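I'd like to ask you about the structure that follows.
All chains are identified by letter, namely A, B, C, D and E, in their written order; residue positions are counted from 1 within each chain.
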Amino acid sequence: ACGTDEETEGNTGNENTNAEEPENTDSENAEEGSEEEASALEGSVVIDGSGTVYPFMAKMADNYMTNEQPEVSVEVGRAGTSAGFEKFLVAESGTDFNDASRTIKDEEAAKAEELGIEHKEFQVALDGITIVINPENDWAEELTVDQVKELFLASSGYKNWSDVDPSFPDQPIVAMGPNENHGTYEFFYEEILEEQDLVDGINLQQDYSTLVQLVSQDKNAVAFFGFGYYDNNQDKVKAINIDFGDGPVAPSLDTIGLTEDFGYMPFTRPVFTYLNVGMAKEKAQVLDYAIYTMENAQDVAAETGFAPLADDKIQESLDFLNGLK
Amino acid sequence: MKYMDIEQVQKNMTPRLFKNNLAKSGYFIASLFGLLVLIILIFRVFSDSLGWIDWQFLSNKLSTDAERAGILGAIMGTVWLMFVVAPVTVFLGVGTAIYLEEYAKKGRIRDIIQTNIANLAGVPSVVFGILGLTVFVRAMGLGNIILAGGLTMALLILPIVVVASQEAIRAVPQQLREASYGMGATKWQTVKRIVIPAAIPGILTGVILSLSRAIGETAPLVVIGIPALIMPIPEGVFDKFTVMPMQIYYWTIDSVLVEEYANLAAATIVILLIILFLMNSIAIIIRNKFQKRF
Amino acid sequence: MQLHVDNRNANQLSSVDTSLDHNIVYDTEDLNLWYGNTHALKSITLPIYEKQVTAIIGPSGCGKSTYLKTLNRMVELVPGVRTSGVIKYRGQSILDRSFKVEELRTKVGMVFQKPNPFPKSIYDNIAYGPRIHGIKNKKILDEIVEKSLRGAYIWDEVKDRLKENAYGLSGGQQQRICIARCLAIEPDVILMDEPTSALDPKSTLKVEELIEKLKQDYSIIIVTHNMQQAARISDKTAFFLNGEVIEYADTNFLFSTPKDRRTEDYITGRFG
Amino acid sequence: MGRSNKKNREENLNIRAMIEKNKNSFSIATITEKTIPYFLLGIATISILTTIGIVFTLLSETISFFQAVPFWDFYTGTTLKPLGDDAQFGILPLLTGTILSTLIAIAVAIPIGLMTAVFLSEYASDHIRKVLKPILEILAGIPTIVYGFFAFTFVTPLLRSFIPALDPTNILSPGIVMGIMIIPMVASLSEDAMSSVPNSMREGALALGATKLEVTWKVIVPAAISGIIASFVLAISRAIGETMIVTIASGSTKAFTFDITQSMQTMTAYIVEVTGGEAAAGTTLYYSLYAVAMTLFVFTLVMNLIAQYISRKFREEY
Amino acid sequence: MQLHVDNRNANQLSSVDTSLDHNIVYDTEDLNLWYGNTHALKSITLPIYEKQVTAIIGPSGCGKSTYLKTLNRMVELVPGVRTSGVIKYRGQSILDRSFKVEELRTKVGMVFQKPNPFPKSIYDNIAYGPRIHGIKNKKILDEIVEKSLRGAYIWDEVKDRLKENAYGLSGGQQQRICIARCLAIEPDVILMDEPTSALDPKSTLKVEELIEKLKQDYSIIIVTHNMQQAARISDKTAFFLNGEVIEYADTNFLFSTPKDRRTEDYITGRFG
């Protein structure tokens, strides 16, 4: 009964035409009823999770409430991917969506099953782990992927920049990153460092803003976090161009978006949102918002420092959602 | 036999007076230190907020778009929060004060309550946050709504209101009570018709000051959990909410994402400081107006 | 209008005066009182007569105020007070625990040393007593207020500012407001504790005049430091010293031919 | 004659009769009168319930925590690594953070606050005092969140121009700002204590030819010492419990160090971090929140009791 | 030991006494003083002689304390005080801004109405003055303390408890401690503002005795409410009224044959 709302969205200037065509035709037959229902939507949509995805999701929620359904209250938190899953995986009163900068872990999936929470993963955009340094750092602007890893690895034994390359200054490496609450940390630790120990005394922070400040104020600092946080602070921090074997690659929406091998690939990662399917079936506004999100993902991604997904990925998700109606 | 050598005394006098004058300047400068910090702080905030405070800022909903963002939601969140905090603390605070000052006999119970209140006044606000989270948000299942935040804040400022009300009640001259009893009034009649009305200005001053404390508190709400983005304007005490200090917190953190958020945070600080300043002024006016009436 | 009421009152009362002259309102027998360990009243025995002014004199700290406050049990407000002995008000033993003090106090008005109007309007001050005793009718209250203010001879001075705060009045006016407040519940006895000692001579005179008029209607017990005042306005005088009644007699008699040496010393100003 | 008088009164206005009549309808009033004390006692008990509530919530979860982490390990552990597979819970890093920030705060607040108190109480004219005191009170009324960003965005960069080795998040800067925040508390309570020293004491000393400086330090301060110390203790308690300033400006590094130029975390900031991430009930991380809060609570409670004890003694003195 | 010191003092001083009898220590000319708008002292002209006791009497509020506090410029502690006229202490004009008050006050001791010992040990109370004036030597301080306490005739009472807090003493003892504190800086003049009015009769007697002994050594100006006291202990008496000096004369003379009607009224107790 509630599946007709995306109709309105489609009509109110969604330019993501490719993704929309089938969507529109799908719901055309329900058009009459939809207008009333669209205006009748209300209630709340509760989203928490990844801080990396937060800018994307906040923008999405803002657009949705401003342009689509002013009566629906979408609240977006950003406790971090892992902490978000803790809130997501609560029987009855869990969150509707959990943003994630990594895929769900086995334990988390198991817990969901135990609680009877049916969930669905949606890729919403692509992010690139960006390694940032202080703008005054003129020695480490280009590094190989191994050198980057060694900066953060305990096993490398690097203390000073000069350990990386003798031509670098004899200054301590000050390594930083988001703490274990964050999917970004887990992705970095699991996928990039392959679960090897990080250097002792690495400065792990809860807030990305603190990290940006820290790097911008310390000549010897090096940190990792999502591209968006770099993109918005290019005046404060500088990204390392990473040589994956074919010459240095600067992180950018273009290079992150390229999934081919010569792109930024090993450091590129999809970011997700997880939907509580039960909630979507139960609450019209949740499903409506999910559909809206997928329809607008490509635009909002670009606006908030993410590389857009390919069309077929989007379509896949929309197909699933429309099936829930 | 003379012990005091007057010449020696005179010789000592100059350095002693010099030290005195030096100290005086030192103390004066120390007193101005606070003022200096205040000026720097306010100057920075005001200059950052320049051009950002306008009607639109005050009347718009929150937004991720700095140009469109407004703090009506945060202001209304604060207003609704006060709708919970004010009646609850006034009821509990004044009631407790009346009990302690007018009814409780000197002794065990009174001492226990009094000591307890003094101790509660020193409990860190973040601990009250944990109490609120555990009791109101989780155990009572209210969730992070205005009612839960308000009750937490009410308990937080309760000791301040109790102490202020006690002082106000104590300041009511005994003769007024005697006059009332002398007319055959009962205790409660005397309390209700004479003591409370006479103590109201003092109580009000204390209540306003403690509410302004509650308005500026962040830590308990952080603990209770306020979403980073919440756009709808709250319409009642069962709604989710954000308040100005929380918005300042998030905007400043997020200024790494959108630089203008720093200005929004500064603008919100200015509004918050203006509100607090107004509340304090009202409290001072009431205090001055009703001082030494008897 | 005012004159009319005054005349009538005067007529009524002077006539009553004689007929009831020697009834006892308060009878105190062997009253002792302790504040903690301080023995403040020692074996006081004192009959007090209706429609008379009884003055209590004595040096500071001799227990005058304490005795007065015992008569309406106000002394109980001090923690740790103990009493022994009997006080009978119109035959009822008022020191009994079971005795309702509120009822006693509606019949026994009290005026204090420092004028203590409530921080309310003049009207509300006077109406306070009737209101707490359940009189709510606005018209009746209006009448009571006017009658009481006239009774305290202050109506003309305040009739145009009844809604103003009583604290705007002069000390002497405030004291008469306090007396009017007392009159509003038509007491039987009025206790006055140095009612003029905080007033200037002119206001003192006014209040003294008032007391002389009131005694036609009420039994008045007045504590005073001022011997002249006692001599001028009272019918009977009791001299207290160190918590004891040293002498109690007709005022004329006590001041002209004191029996006790200490009384004589006191009234001639040799101590106190 | 007496009869006619009575009759007359009745015709006009017999207040006494009305009062007597109303007395019968007094029963509700009597019940109110009887129940009110109990009702008010009930209200007054809420404050006690609050304390019990705090102690109970903290204690029950703290006990669970100590089942997972031995008491001794917790209080002697120098490593705090609450997340990850090899989680370790030692509170010492948080304690050093808390204690260092508090020490820095009182190192700022006590001298400046006391000097301000001396100036206000002994030197300032009424006029200056009337202006200066409310200004200082404004300082006490500024929300801590505002101070937090002041520390992070102004004081830290300023300090770094003197101390290049200073980390961008460190315990020094929030310590100083916390000190500034509690200056008014020290100043105002100490000033109260000093002003309540009878003037005759000042006169006595001045009459001996003492300068104001000598009067202040040799007579007034010793006489007011308990009140002054009580103000210090309360200020310390306040600094221990302060949350937002350290949350924002001291970072969240859980290092066991005494180097104030480094980033470190306090107990309060840890609580905010953990609740901000919302640990799931039942995990050791979740229980650690309560164990830390309990420790914090006990710390401030002890401080408050000391302050009360001192100021009670002080009241007896003269 | 005590006797010995006493005798020596007495000997020294009685001899000095006669020779300096009529030197002027304080000369006040046309002194006016205002507290804000209150004109508290009006054109006071008053010479005060060395080694005498000068009493200042007068009803409450007449300016006695104000005058006394002007003599050591203590009155300046009240905000908004203004003065005109001249006070010369041993020829120096003390009201000049440039005059060092601290120096004046080391020469002019003061004893107050309410005993005001510092909340320190008895020893520290007495040693306070010498210490601030730079005497640090423990042995010398010990001597000064003993000498001053003997001088105030309280040595025997406190010699075994010098380390105890002065607040443990009785009021009369405290007052003598305050006098000893004064003596410790060996003043030239001692100002006393109703030094016995807070004391019981017995302590009063002790202090009066002390004053009589002290006057052999010091010039004393004493404010008192007690006419008998003034008559008993003073050499000269000044009668103040409403901020003016009404009469100033030898004490015997003033009390026996007052020239001014108001003085007579006052000393015979007709007002005040």
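By definition in this document, a residue touches a chain if its C-beta (ideal position, glycine included) is under 8 Å from a C-beta of that chain, and two chains touch if they have at least 3 such contacts.
All figures in this text were calculated on a predicted structure; none of them were measured in a lab.
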| item | value |
| --- | --- |
| Neighbouring chains shared between chain C and chain D, ordered by label | B |
| Most heavily contacting chain pair (counted by C-beta pairs in contact) | B-D |
| Of all other chains, the one whose Cα centre sits farthest from chain B | E |
| Identity of the chain that, by mean CA position, is farthest from chain C | A |
| Distance from chain C to chain A - Cα centre to Cα centre, in angstrom | 86 |
| Between chain D and chain A, distance of the C-alpha-averaged centres to the nearest whole Å | 42 |
| Where chain C and chain E are represented by their mean Cα positions, the distance between them in whole Å | 46 |
| Rounded Å distance between chain A and chain E, as computed from the means of their C-alpha atoms | 86 |
| Sequence positions of chain D contacting 2 or more other chains | 209, 211, 214, 276, 278 |
| Contacts with two or more other chains, residues of chain E listed in rising order | 102-103, 106-107, 132-133, 185 |
| Numbers and ranges of chain A residues touching at least 2 other chains | 210, 213 |
| Chain-chain contacts as defined at top | A-B, A-D, B-C, B-D, B-E, C-D, D-E |
| Complex interface listing, chain E residues touching chain D | 72, 74, 77, 79, 102-110, 112, 114, 116-120, 128-129, 131-133, 167, 178, 181-182, 185, 191 |
| Complex contacts: residues of chain B adjacent to chain E | 1-4, 6, 8-10, 12-13, 16-17 |
| Residues on chain B engaged by chain A in the complex (per definition of touch) | 61, 63-65, 143, 225, 227-232, 240, 252-259 |
| Chain B contact footprint on chain D (complex, rising order) | 29, 32-33, 36-37, 39-41, 43-48, 50-51, 53-54, 57-58, 111-112, 115-116, 118-120, 123-124, 132, 134-139, 141-146, 149-150, 154, 180, 183-184, 187, 209, 211-214, 234, 237-238, 240-244, 247-248, 268, 271-272, 275-276, 278, 281, 289-290, 293, 296-297, 300-301, 303-305, 307-308 |
| Touching residues on chain C, where the partner in the complex is chain D | 8, 12-13, 15-16, 19-20, 103, 106, 130, 133-135, 140, 143-144, 147, 184-186 |
